[in-house]
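I'd like to ask some things about the structure below.
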Amino acid sequence: MGQYVGQNQVNTGNQKFKIRNENFANRVRESFDRQGFMDFLGASLVEILPGRVEIQVPYRKELSQQHGYFHGGLIGTLADNAGGYSAFTLMEATDSVLTIEYKLNIMAPALGQMLIARSRVLRPGRRVTVCQSDIFTRQDGAEKLCATMLGTFMTLADTADAPA
Amino acid sequence: MGQYVGQNQVNTGNQKFKIRNENFANRVRESFDRQGFMDFLGASLVEILPGRVEIQVPYRKELSQQHGYFHGGLIGTLADNAGGYSAFTLMEATDSVLTIEYKLNIMAPALGQMLIARSRVLRPGRRVTVCQSDIFTRQDGAEKLCATMLGTFMTLADTADAPA
Amino acid sequence: MGQYVGQNQVNTGNQKFKIRNENFANRVRESFDRQGFMDFLGASLVEILPGRVEIQVPYRKELSQQHGYFHGGLIGTLADNAGGYSAFTLMEATDSVLTIEYKLNIMAPALGQMLIARSRVLRPGRRVTVCQSDIFTRQDGAEKLCATMLGTFMTLADTADAPA
Amino acid sequence: MGQYVGQNQVNTGNQKFKIRNENFANRVRESFDRQGFMDFLGASLVEILPGRVEIQVPYRKELSQQHGYFHGGLIGTLADNAGGYSAFTLMEATDSVLTIEYKLNIMAPALGQMLIARSRVLRPGRRVTVCQSDIFTRQDGAEKLCATMLGTFMTLADTADAPA
């Protein structure tokens, strides 16, 4: 798990992000735990930093497409979710997040023991946040880029991140 | 299940498609059945016509996001898969299909008893096929559009649609 | 030019849209006329209906790519602009519109005497509106679909649609 | 203008690309010069490296949208063109390139004296190449990221890059 060291201006790559809620990592974890689908897939949160989130899921046959690789729908699922949560790290404690849209390019077969989605915020905004996710497979210790996502996420102010 | 009546030129909406393999519906069903992920999700093929495919999955808690709706990753999964198989209906018996990319706009919360993806080919091609999927929720008999996908799929000639 | 008949609920295709500003067609025209780029390209507004806009530009060599067809950048320009203005027709008199993102699939060479972009709102929203544009070429009276766009547009409340 | 030093394996960022045509920079320049639209816009090629291309256009009022900024259609035009030409640098001498699709996120108003599109190949392929373009404005010497594009380009083997 990544360590968040508490300052209000954090340089992630070449960008500084304003932190609006010091408790952002817990909010991401609690939201993730409310998603029945993540548990069902066997996915876990591996890193939560301001504007950055990593999600992993180990391979099993239930997650495969017709050639036995990780299913493309799973690639999209992790890409979208990592994107949404990287946006969520920069929101207020009273905000909720939703996916407006995303675009995914699959660039290589998703063959490996682990599927890894790493997302980062490209453009944080009060209402709209743009994120990029890179999705890798890990096989015998070596990582390979298999897909890239460019997505747009919306801030819902004063909205609970849980069922009403 | 939709009935395909066997002619070589079929008008689906305002487009006629050339059928390259009379056995296309069986090929789609066999490929779908090889996808462990579809069985795992509880998804089923509901219609297979030339250039058109419908996939459905009933709601259960394991498929939910944090508010209890169908997870966005599931919406993308069905949209992508319906798109790929609608492209696959127009391919040769010796072709395989892969997703190059897709873009998904989520337009309403996916709340309902059933999630339904209906895809149609917009532009069939020997190498590249463009498809659009509309994703609906059905609740108490009423359908509502919740997302739209625009995607690009590739024909892999002389490639088995199964593990080597 | 399309005729708008003044009622507040309009069925465009299978959707009814709420009109927030009866003067929407004039607002679109005035905004279009402020875009130096439209005049430079020789583009004109051909239809303005609630949730629907059509833009056309006649061919000339200055608009070509390397094979002599309409340049892809022009296709994207009209698709984006028709999308933004179809969203704008449903906004308040004090709103401005901006493009969040769009995705364009080019499906055939853009060969013809006229390039035509027709956009319609798929999902109107107070903050975010989703639109689809179809782009056609017209040659010797026959139209051909050459591209499709799926895009997302944002409402900026209380923002002038002109330089400050 | 960037200098290409002639080796067959080039590390651009963290990727090595195979060069299939030593004369790639001239092919890009000649194709660019055949595009009437680039000349009309006042655009120029600033860098041509294997898998990387930069295009710039200086501001003038004819390129503006309604607030006086660079028009979004121009942003898309440069993003698409830089993407296509970065893919083209890695193709055979007898190949032509076409845009399958692209997705553009506009992240800030395009305000400045110069608009700059820098594209790089993410995934080169014999048939399909994926590219990313970042679009910047330069104002008083300072650059600002205003948009990002993720696009897919196709190789047309044995096809002239000029009118038949």
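Order of writing sets the labels: A, B, C and D. Residues in every chain begin at 1.
In this text, contacts are C-beta pairs under 8 Å (C-beta built on N, C-alpha and C of every residue); 3 or more make two chains touch, one makes a residue touch a chain.
All values reported here derive from a predicted model rather than from experimental measurement.
Chain centres here are C-alpha means, and the one lying farthest from chain C is A.
The interface with the greater count of contacting C-beta pairs, when A-C is set against B-C, is B-C. Distance between chain A and chain B, defined via averaged C-alpha coordinates, is recorded as 25 Å. Put simply, the C-alpha centre of chain B and that of chain C have 29 angstrom between them. In terms of their C-alpha centroids, the spacing between chain A and chain C amounts to 33 Å.
Residues of chain B in contact with at least two other chains: 100-101, 103, 105, 130, 152. Taken in their complex, chain B has these residues touching chain D: 100-101, 103, 127-128, 130, 152, 154.
Those residues of chain D whose C-beta lies close enough to touch chain A in the complex are 103, 105, 107-108, 122-123, 130, 132, 145, 148, 150, 152. In the complex of the two chains, the chain C residues touching chain D come out as 31-32, 34-37, 39-40, 61-68, 71-74, 76-78, 80-81, 84, 98-106, 161-164.
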